[in-house]
Structures are given as C-alpha cells and as structure tokens.
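Below are two complexes that have chain A in common, paired first with chain B and then with chain C.
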Partner chain A sequence: MTPLAEFITALHGVASGEGEVITDPVRLRTYECDGLTYHRATPGVVVLAESATQIAAIVKLCNRYGVPFVARGSGTGLSGGALPRTDGVLIVTSKMRRVLEIDLPNRRAVVEPGVTNLAITEAVREQGYYYAPDPSSQQICSIGGNVAENSGGAHCLKYGFTVNHVEACEIVTPDGDIVVLDRMDPGYDLLGAFVGSEGTLGVATKVTVRLSRTPEAVTTVLAAFASIEQGGQAVSAIIGAGIVPAAIEMMDALSIEAAEAAVACAYPEGAGAVLIVELDGPAEAVERQFAQLTEICAQAFELRVAADPAERAAIWKGRKSAFAAVGRISPAYIVQDGVVPRTSLPSVLASIDRLSAEYGIKVANVFHAGDGNLHPLVLFDDAEPGAGERAETVSGKILDLCIENGGSITGEHGVGVDKSRYMPRMFSDDDLDTMQLVRCAFDPRNLSNPGKVFPTPRLCGEVPGVRKGVHPLVESGKAEQF
Partner chain B sequence: MAEEALEKSGVTLREAGPLDAVGDVLPSYVALPESVEEISALLRACAEADLAAVPVGGGTKLDWGAPPERCDVLIDTCCMNQIIEHAAGDLVVRAQAGVTLEALADRLATQGQELVYDGPFRADATVGGLLAAGTAGPRSFRYGTPRDLLIGITVVLADGTIAKSGGKVVKNVAGYDLGKLFTGSFGTLGVIAEATFRLHPLAAERAWVQTRLTPAQVQDAAVRLAAAQAEPTAVELDWPDPSGPVTLAALVEGAAATRRAQTLLDEVTSSMPGWWGEAGEGESLAEVRCMPDRVGGVLAALEGTGLALRGSPVSGRFFLRGDGAGFVPVVAGLREAGARVSVLASPYLMDRWGEVSALPLMRRVKERFDPGRRMSPGRFVGGI
Partner chain C sequence: MDPKLIKDCVHCGFCLPTCPTYVLWGEEMDSPRGRIHLMKQHTDGTPVTPEMAGHFDACLGCMACVTACPSGVKYDRLIEQTRAEVERVHVRDPQERAVRGLVFSLFPYPRRLRLLRPGIGLAERMAPFLERVHPSLGAMAALAPRVTRRQRLPRRVRARGPRRAVVGMLTGCVQGEFFPQVNAATARVLALEGCEVVIPPGQGCCGALSVHSGHEDQARRFARRTIRTFERAGVTTVVVNAAGCGSSMKEYGELLAGQPEWAARARAIRTVDLAEWLAELGPAATRHPLPLTIAYHDACHLAHAQGIRAQPRALLSAIPGLSVREVPDSAICCGSAGTYNIFQPEAARDLGDRKAKSVASTGAEVLVSANPGCTMQIASAMGRAGGSIRVAHTAEVLDASLRGVPL
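And then the complex of A and B:
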C-alpha cells in the first residue's frame, strides 16, 4: 500500500461521519482547483472537517504516514494557494461555519474558519458594527481563507488588512497540536507571522476578529475623467491634501466597457477613466473632506454623488463586477495583483500601455489607486495559437515593472503556486532562506501546504520520523499540474 | 581571540563602561556599526568567537526584559542614523535603526506627515528600539501598534545573514512577514537594521477632553467612548494614586475635532495632558493587558495598593508602575483576575511573563534563528 492508501484507511478512524471523507473520483474532481482555475490537481482524498480536534487528529495521521495536507475554505483564492496535492489530503473547512461569540463591549467576534467574510458583518450590522476587511469575494470567501491569504479589499487603504483585524487564532500546527496565538499574549508575534502564511504554517480552526463601529457618514463619489492621467493626478492630489479616504478605485476605458457590457453600470459615457472615492467617518469630517474632494476633481467632466445606499451600490456595481465582466469582451484573461508606489502609477501605466502595443495583447486596468495595487486584466483569445504565451509574457513583464519600481508581485491575492517563481525576483536567497526558518520551526517535515509561496522546497535539516515517499527536491510544483 | 575576531570585522569598537550594563550584566565591548554590512561583519565575528550580543538604540528601555544570560558585545546603533527615503507622495519612510523618533518626527513634519507613535520615550527612543520592544502608544487604538505600521524590515541574523521582508508599499502579501516576528522580540532573534513604515497626514486639528471618575465608573465610560461615532483616536486613563479618582481623557483628531470632542466628555482642552503616553516613574514597571470588559476588575484589584496605573481602557493596555516589594503580589493578583502582565523592569524576583500559550513554538523559532543562543539570550519569555 502507498502511504496515501494507508493514510486513507486510518482516516476512517477519525472522520467517520456521513459524507465526511471523499474518495469518489468524480466528487474529488470538484476540489481540483480554487479560484485560479488553470492550475488543477485532483486531491488524493478530501475531508469535510467539523472540528479542531478532528483536524488535529487528521494532521497527526499526516505526520504518521508522511502525507501532505492542504487546507481550503471556500476555494475563491486567486493564486492557487488551495491547489490540492494528488498525494495528499485536502482539509475543507466549509462545514465549520458557526459564529461562536459576538462580544460587542470588547468589539470582537469569535468564528469558525468556514464562516464567510460578509456573514460576520451581517451578524453585527444591526448593532452598528462591521468587519472591516472586504475582499470583492466577501459574499462567499471564508474567514479561514482570509487569514491564510491576509486578504485586503477596496477599503484597506484606510482600515488595513486581515492581519490588522485578527486578534487571535486557534490553529492546528503542522505537528497536529492545537495552539492559541493571541495578540494579548507575551512572546513572539506568531499570530502576525501566521496570518498571510498561505496555509504553510498550519490550519486556522477558530478566528477572533475585531469589529469596527459603523461610521456615522459615508459619501461615495464617482468622478469621470477624459484620461487616466487626469484620474491619476486627482489621486495624488487627494493624498497630497492629507485626506485618507476609505477607498480610491480606478478603472480605465477598457474595463469600463467590459463592466458596461456585463452589468450595465451606466458610468458616464466617453470616460477615459473613472475614479470611485469613498469618504467615511464623523459626518462633519466627511462633509469637509467632500468639499475638498470636489475642488480637487475640478478636471472631472462628471461628478456623481451617491445619495443613498442604493446609489452607492450602483456606483460600486461596475467596479466589483469588473473581473468577471472582462469575460464579456475577451475569451480568456489573466488577473495580476502587482503593487507599485502610488507615485509611480502614471509611469507604470504608460509602460503597461507600451507592453500591450508591443505584444498585441489588450490590458484592462482596474485598480486600488489609493495604495498602488494594480489589477491588470491581461486579455487574450485562447483559441489563437501563441496568444496564451504572449499574455503570460506580458503578465510577467508587468510584475517586473512592479518590482523595478520598488513594489510587490502581490498586494492581496497571495503568492500560492502562481507567483512562487517570481519570488526570487523580489527577494534574495538569504531573504527566502530566512523566511524558510519560520516555516521549518512550524513545519519541519514540510507537510503543511508544501510547494506554495517558495520557489524551491527546502529541507529543514535532519527530517525526523517517517520520510515522505518522494524527495521534496525532486517533487516540484509542476508535477501536480495538468 | 574575542578581541581579534571583533577587530578583524572592521567595526569601530570601544571598551564598555558601567553605563553600558544591560541589567546587571556588563559587556566587554561596545560596537558602533555604521551600516547593515558592518552589523553583518560584526555578527559573523561574534559567531566565530561565540560572543553574545545585545543590540541597543537610544537605551531608553535597556532595563526592560530579563537581564541577558551573557553579553560580550553591546551593539550600539547610534551611528546608523540616516533617514534613507521619505517618499511623501507615497506616505512611506525608510530609516536606519538608529534614527531617533524625534529626528524622524521633525523630518516628517516638514511634509505634514507623521509616524503615529505617542507612547513612552517618543523623543529619545530609536526606530530599532521601538520595534524591538514593540511599545504601543495611546493612538494605537485607532492606528494600530508599531507592528501594524511597519511595512518592511531589514534584519541581520546571528550568523551574519542579512535578510529583508516586506518592502516599501503598504499593500504587500509576498512572503512571510518577518517584520511582525521581529517586532517585540527584545533583540532575541537578530538585529533590526532598517525599517520602512507607512505614515499618516498630521491632523490639522486636535482636541483633548477629560473628566474625573471613580474607578467603578471607568469601564462603562470607556466602552461608550470606544463606540462613539465622533471617533476618538485614543482614550487614556491616568490613576496616579489608587485611592483617589481616575482621570479619563480622549483625543479627537481631524476636521471639526473640537466640536466632535465636546460630544464625548465635559472638559475640552487643545493641549496634551502632561502624562499622556508616558510610562511614569517607579522602580518596577509592568505592562498589563486585558479585555476592555475586565478593566473594572483590574482597577478593583489595584485599589489601595499605592501603585500607579496609566494606559488605555479601550485597547486594554496599561503601564503599572511603583516602588517596593508590594509590586510582586499585585502582579500575581492581576493575573488571577484574568489580566496578562509582563514585568518589563523590576529589581524583585518574580515570574516576569506569566503563562505563554505558544511557548514551545516560540522556542522552535528561536532555535532556528539563533541556534547558538548569542542574540540577547535569556531576555525574553521562557528564557528565550
């Protein structure tokens, strides 16, 4: 028997509930990819987990049989972070979706990892609170996945990311121990290291998040500009005026066209760029900032202000649907997630234009302009020979542009399998080896989501206990892709 | 052997004097590196001769943490005092570890910006020291603690390896966040050499409000202030004598600050209370942390002890300060009442850190980063 087959036999001892263990090949295929669908691998076995103690028992078995494990929430990730292992177990947390505690005096909620991001806000909205990080997939993405990826969202410009809103996590370590990492505890900030580690340091089984007070006033403005340069100047001027809006989003003409085709968002006609600016806070402060904003956006040929939540939703509709919308104007596309310093935005966008022309590949630009997080959508026709390769090249060159300008290869989607090969362009061997020290401290056997984040597997000194069937240096990430 | 190895590193050295003692441990040498590369050369020399090292910035918190098991070299970062880049348009600053917070604040203010930190030693502490101790100030309630504002870091490990993580953009999830791991690590994982922070615009207007309450009234008042839509950026209390009243103060920043502040508490003032963000005086100092709904219990446990408490009832983070051996049972009592207490400085023998839930994992991290136990050995939790 292979280690995996022995593992599956043993698994029935710890996960015996109805439909918990999936080995049927047809059902296994349901889990072969996350939101990044061009990386696929059929998991060796899937467990729909129900509790931390059960996950701990599964991970202990993984250690006994040398079987790797991958945790998965809702599977909406965009970097292949939850790509399964054919030789491993996929631990799915979607059944663990109880809100365990709402504690308003302490502004906290304790939830299981499968709870969706938006469900937290929905649980406390009537009491005047919300959970601040808001990735576009917030209706379905899980808080466990948010913790793994350190998810952001449009409003993180003012409010920060998942890591700034998580107070504690109960985790199952790669050894199979249940440990609590709490910001209030003394000692190393292991919670800070865990959030955003993309499932490589263990599995979050309970998450304590901070709740924020709903702001007294929110003003959402849509400004239409003739060109993307004018829009960019407005962004710089807003920041220069000392305003920190909750969000500043920008879309170029091509992405507006796509959004229009998909959801008829009715953005002003003929716009070279639209800017969505959301101001929130105490009513008086928002009023003053709005007055400043109106002056700053003097170049805009149309300025719309949402008068109520319905109009606000209408403004956001085009932006939030942008990724899916490009499907209307292009058979295939690659989404990138690079970041540049905000002041480099104009020159980087101009360079993307040049790349686009040089390779004959259209690029639609949708981005979090306030924090320089680009989401270029590289469009191509997968039926056209060579187009996919050219799109891949353009995509890679955009990441190079981000790195050259002092930015990052990923602002919120994570490295996963998709961008691990770009890590050496951003970090030296010493940087990556030092990060691996953390991984080796948590996961000396390299069982927790191996093959993600880092470009090459690394041995953590002497590996005690059972050896895995395949040497990690031999087994590259490519082996698991179709 | 030791001196030879150190001299070979090319780093400026001087002999240590009594003022260089860390706790009661006197180092033999003080090293004055001027660059990241020099720190690396120095730590390679320390590795070669098995010398233990303790980094120091402004020295304002050198008495915090347990005394090191051994300390041969004090690494003084005072010569690493360059502000490498202030990208005002990006609201980002990159600075060497030895830059003092005052020098940094002065520079940033010229562009109407600041690094939000208003905690202890906000003038003389350095960037590196602020991070190593992970000290938080009142406004961390709204803006987060230094770990939340740090976006990139360069560190030097015990074997001389220079490593960086993060970068100079605020939004960045590439790779592990070593910055968070090093923040609050008390010099036990390596030397912080450079740091990059996100900045905020200086508020055009700010107003403080305050009132006096009985200890029993504080918790409810604080919970109310935390939820106020006037959005105070900080809520602090000062209780210099736990047999008297508590001063509760809030800070409001930004547009219409004064009018917004008036909705919170009665007495409005535009100037900062003298005690704001300071740790206070006394031979023992501890950080007390608790949930906001346990603040009443903490105050009750302190009544009549003669110790002084100051800090944030909305963040649940306080400094407890005082003289005498009476400090020891009070710390034990607070822990029994459900608070976490870290004893930062004290001449009395006691459990400095209390229970640490993830200690075995922390030991493994230490073992990976500093297997030779040469970086500030023994200074931190569990004798790490």
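And then the complex of A and C:
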C-alpha cells in the first residue's frame, strides 16, 4: 500500500461522519483548482473538516504517514494557494462556518475559518459594526483563506489588510498541535508571521477578528476621465493633498466595457478611465474632503455622487465584478496582481500598453490606485494557438515592470503556486533561505502546503543549489537550524 | 451539454453563497461551479456515474446562480441540457424510477390530478405509511393542499370599464386543480384593470415540469400544444400567474429551436407574468385599503429566471394600509422548486426550515408569493416549527384590494 492509501484507511478513524471523506474520483476532481484554474491537480483525498480537533488528528496522521496536506476555504484564491497535492490530503473548511462569539464591547468576533468575509459584517451590521478588509470576493471568500493570504481589498488603503484586523488565531501546527497565536502575546509576533503565510505554517481553525465601527458618513464618488493619465494624476493629487480616502479604485476603458456587459453598471459613456473614490469618517471631515476632492477632480468630465446606499452599491458593483466580468469580453484571461509606487503608475501603465501592442495581447486594467496595487487582466483566446503562451509572457513581463519600478510581484493575491517562480526575481537566494528558515521552524517535515511560495521545493536543512555549507545566518549565530 | 456554455465559467465562486445546496452542505460538487465542473468531466468523456447524477439531481434549478454570476454563465440552459442527458444515459434504481414515473404521468395532466382530489384527505391520513414505502410518497402526501371547491372559469371575461387590452390566461395544472381561487382572482384583477381575459378551456400543462426535469420530448409536446391553444384563442399576449410556468413559456423559442416553424410561432406569442403585465399596464382600478403586514417571498422562477423583483413589490406597496416586509436571505430558494420537495424531501425540508425562520423573523401576518408551491412549502415548514402564517398569491391580495373585500 502507498503511504496515501494507508493514510486514507487511517483517516476513516478520525473522520467517520457521512460524506466527510471524499475518495470518489469524479467528486475529487471538482476540487482540482481554486479561483485560478490555470493550475490543476486532483487531490489524493478530500476531508470536509468539522472541528479543530479533527484537523489536528488529520495532521498528526499526515505526519505519521508522511502525507502532505493543503488547507482550502471557499476555493476562490487567485494564486493557486489552495492547489491540492495528488499525493496528499485537501482539508476543506467550508463546513466550519459558525460565528462562535460576538463581543461588541471589545469589538471582537470569534469565527470558524469557513465563515465568509461578508458573513462577519452581516452578523454585526445592525449594531453599527463591520469587518473592514473587503476583497472583491467578500461574499464567498472564507476568513481562513483571508488569513492565509493576508487578503486586502478596496478599502485597505485606509484600514489596512487582514493582518491589521486579526487579533488572534487558533491554529493547527504542521505537527498537529492546537495552539493559539495572540497579538497580545509578549515576544515574537508569531501571529504576524502566520497571517499571510499561505498555508505553509499551519491551518487556522478559529479566528478572532477586530470589528470596526461603521463610519458616521460615507460619500462615494465616481469620477470619469477622458484618459488614464488624467485619472492617475488625480490619484496622486488626492493623496498629495493629504486626503486618505477609504478607497481609490481605477478602471480603464476595457475593464469598464466588461463590467458594463456583465452587470450594466452604467458608468459614464466614453470614459478612458473611471475613479471610484470613497470618503468616510465623521460627517464634517467627509464634507470638507469632498469639497477638496471636487476641486482636484476638475479634469473629470463627469462626477457622480451616490445619493444612497443603493447607488453606492451600484457604483461598487461594476468594480467588484470586474475580474469575472472580463469573461464576457474574452474567452480566457489571466488576473495579474502587482504593486508599483503610486508615482510610477502613469509610466508603468504606458509600458503595459507597449507590451500589449508588442505581443498583440489586450490588457484590461483594474487597480487599487490609492496604494499602487495593479490588477492587469491579460486577455487571450485559448483557442488560438500560442496565445496562451504570449499572454503568459506579457503577464510575467508586467511583474518585471513592477519589480524594476521598486514594487512587488503581489499586492494581495499571494504568491501561491503561480508566482513562486517569480520570487527569485524579487529576492536573493539569501532572502529566500532566510524565509525558508522561518518556514522550517514551523514545518520541519515540509508537509504543510508544500510547493507554494518558494520557487523550488526544498526540504528543510537541505541547502539551496548554489550554496554548499552552512547557512550564513546560522554561521554568524543569528539563526539556528531546527 | 454545450461545451461553449461550460467554458464561460471562470471558476470565480461568486455563485456559491447563493446556491441552496452549497448553503446547506458546503460541498464543491453541490455548488453551481462544481456541477459545471462535473458537466465538463462528462463532456470530456467521463460517464455519468450515480454520484454525478446525484449531484445534478440535487440542484433545485432555482437559478440564483444565474443572477449572481458576473461572467454570464447560462447555468439555466446547462442544467436543462444536463438533466436531459442524465435521463438519456443514466439508469436509476427501480424504486426511484417508479416514483418519478408516477409524478411525471400525473402532475402535468390536469384531468388525472382532478381524479386525485377526493383522495387527498385520505393521503394525509396515510402519510406515515407512505413515508415508509418511499420518502417521496410521504412528502407528496404531506404537501398535498386542502382542496377548495372547484371553480369553473368562463372562456372569456369582459373588461370592466374601457377595454385596455385583450390577453390570454394560462390556468396551469397544479395551480388550476389545487389553487382554483388564485386563477379566479387573477382573472378578476385583469378584468378590473381593463383587460379582456381569454381563458381557453382544456389547457394542458405548459411543459415546465418536464423541461425542468430533463424530459425534453414531453416538454416540446406540451409546448406545441400550449402554443396551438393560444393561437386558436386569438391572443398574442398570455398572462401567467405561476412563476415556473411563466419562465418556461418565455423560453419556448429555445426549447423548440430544432423546429424553426414552431420556434417562430412561439416567439409570436408574448408571455408575461401577472405582476410584470400589471406594472406595465399601470393602475386603472381603485385600490381599497388592506390594513395588513405582509412578507413578500421571491419565487426563484420569478426573481432569478425572469428577473421580476420590483414589480410585485411596487404593486403590493401601492395598496393603501398594506406594509411589505422583506424576508432576509430572500435570494435563497425555499426548497419547493417544482418537484424538488418530492424527489429530494430531506434537502427541501432543511431549506424550508431555514426559510420559515427568515419569514417568521419579519413578523408579517401574511406570506405572499407568486408561486403556490413556495407558499405551501413555507407554510408547512412554519407549521413544523409550531407556528403558522396565512398565505396568499399576489393576485389574491390585489383582488381583495381592488374589490374592497378583506383578504
């Protein structure tokens, strides 16, 4: 029997409930990819987990049989972070979706990892609170996945990412122990290390999130510009004026076309770019900022202000459905995620335009303009021979542009399996080895979501290809090999 | 299954939270995205396994995913094609075949349903026994409505006041036999609003039940007969008061695409939902006050399949004294879904219980929807929870207001 087969037999002892263990090949294949369909792998076995103790027991079995495990929430990730292992187990938390505790005086909620991002807000909205990070997939992405990817969203410009809104996590460590990482713990910020570790440091089984007070006033403005340059200038001017909007989003003509086709968002016609600027806070401050904003956006040919929550939702709908909406105007596409300094936006966009022309591949641009987080959507027809490769090349070159301009290869989608190959372009071998040391401290057997984040699978203690000998950090006494 | 339609799905997962079975079970293969993946497996050569068929059967066909999908995936078309494929290639176990055979040789035939009427009281008493024979039979017995007196509808109802339009009216099968008061109310409301209503006698089933269950040939036969009936009646607009029937009649063109002549004849007749039609027509009759608090329930085949949400709310809100409450999670199906509560009694029951809780939270006195199946399902779920609520069709509420009688 293979280790996996032995593992599956043993698995029935810890997950005996009906339908909890999936081994039927047809069913297994529905779990072969997450939101990024480019990478696929049919999991060896799927467990629909119900509790932390059960996950701990499964992970212990993984250790006993040397079987790798991958955790998955709703399967909406865009970097293939939850890509299963054919020789491993996929631990799915979509059944663990209870809101366990709401503690309004302390502005906290304790939830299971399968609870969706939006469900947290829905549970406290009537009391005047909300959960701030808002990925576009917030109605379905799970909080466990948000923790793994340190997910962002449109409103992270002002309020920060998941890491800024998680107070504590109960996790199952890669060796199967249940431990609690709390922001208030003295010593190393292990919670900080865990959030955004993309499943390589363990599985979150309970998350304590911070709840934010719903702002007194919210003003959402849709500004239409003739060109993307004008829009870009407005973004710089807004930030330059000292305004910190809750969100500044930009969409170019192509992505507007897609959103229009999908949700009939009725954005102003003929816009080369639209900006969605949301101001929130005390009513007085919002009013003052709105006056400033109106002045700054003088170049806009239309400035639309949402009169009520329904109109605000209508403005956001176009933006939030943009990724999937592109499916309406292109048979296939790659969602890219990169970061550039805000000031480089216009020049990077111009370079993307050149790339697009050079390779004959259309690129639609949607981005969190406020923090320079680009989401170029590289469009291609997968029926056309070679188009996929060209799109892949353009997509990779866009990341090169980001790095050249002092940015990053990912803003919020994570590295996952998709971008691990770009890590060496951004980090030196020493950098990567140092990261590997952190990983090995948690997961010495390389069982927790192996093959993600790091470019080449390396076992802990195994030295990278180019270097022979002891790691310099270890040698200098700054780190210790576990 | 059309591979082109399958390809439209980009696997984003935005459909998951609106899918009733995903809400219940949290499993990928019982979500729209997962089912499309299964369809893809099948078109790629995997035979329909009993497991695969089970996941398709578990789909309610509520079309909430169609509303939610940003990529415009035509899941409605896909699941219809898939059900037909399942019927063609999958052999069900004998017991299931028998129950399905019973339902499909009964429900779409008003005359056969009529024969059942005297037996309904008996079925209720026999429910525990039937439940033991087969859960679906038990569900049928438990869901059977109390039958009111049959009401014969005239062939033609004259418009009150100046005639503003001539419309045909579909009487339906289950609607006509078990909820005759809804059809009567519909005809009165139309007449009071200035429509001459043509009600061809001997109408059969519109084919909704068949098309939603993969019986395409039966569906096409019913569709052709329905078209012929209304052609003979000389109307070009047909008003429908049952959400499921309306949505399938609106798709006759596609159903009959293989027969261009029939497809053209289908397109020559315009199908409208009652609320859609009345909103378009604009009010003419006086609305009398109805001091009531109602909860409006979106029938899936009205809200998701036909996109009709605003019109019934506007019509009801315009009644003086009547206040309309929204049901939380209104986009999630109540579990009735045509024959779903008969074939999948457990899932239907769980969904019914969820919906009953949501409806109860509104504190409304009356539950209103455009589909008797839904109201029956929710009322029976509320009964299980020890509560109760009065139910009515949108047409009945309007009828009471227009005539100035209590509901």
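Criterion: the second predicted complex is superposed on the first by the 461 of 482 C-alpha atoms of A that agree within 3 Å, B and C clash if a C-alpha of one lies under 4 Å from a C-alpha of the other, contacts with A are read in each partner's own complex, and residues count from 1 in each chain.
Here is the rule we go by: a residue touches a chain if its C-beta (ideal position, glycine included) is under 8 Å from a C-beta of that chain, and two chains touch if they have at least 3 such contacts.
All values derive from a computational prediction rather than experimental measurement.
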Could you tell me if A:Ser236 is touching chain B, chain C, both of them or neither one (first, second, both, neither)?
first
Touching A:Thr42 in the superposition: chain B (first), chain C (second), both, neither?
neither
First (chain B), second (chain C), both or neither touched by A:Asn446
neither
Between chain B (first) and chain C (second), which, if any, makes contact with A:Ser94: first, second, both or neither?
second
Touch test for A:Thr121: chain B only (first), chain C only (second), both, or neither?
neither
For A:Ala324, select first, second, both or neither according to whether it touches chain B, chain C, the two together, or no partner.
second
Residue contacts on chain A - larger count, chain B or chain C
B
For A:Gln138, using the defined touch cut-off, is the partner it touches chain B, chain C, both, or neither? Pick first, second, both or neither.
neither
Look at A:Val263 in the shared chain and tell me whether it touches chain B only, chain C only, both, or neither; answer first, second, both or neither.
second
By the touch definition above, which chain A residues appear in both interfaces, chain B in one complex and chain C in the other?
none
List the residues on chain B that touch chain A in their complex, please.
87, 89-92, 112, 134, 144, 147-148, 155, 157, 161-165, 167-178, 180-181, 183-185, 189, 200-202, 204, 223, 226-231, 254-256, 259-260, 289-293, 316, 340, 342, 353-354, 356-359, 361-362, 364-365, 367-369, 380-382, 384
Could you list, by residue number, the parts of chain C that touch chain A in their complex?
7-8, 10-14, 16-17, 25-29, 34, 37-38, 41, 46, 49, 51-52, 55, 69-72
What part of chain A is in contact with chain B in the complex they form?
103, 105-107, 128, 149-150, 152, 156, 160-161, 163-164, 173, 179-182, 184-190, 192-193, 195-197, 213, 215-216, 236, 239-240, 242-244, 281-282, 284-285, 287-289, 339-343, 368, 371-373, 406-415, 419, 423, 426-428, 430-435, 437-442, 453
Enumerate the contact residues on chain A facing chain C in the complex.
19, 24, 26-27, 29-35, 37, 48, 74-76, 92, 94-95, 97, 114, 116, 118, 137, 139-141, 261-263, 321, 323-325, 327-328, 331, 333
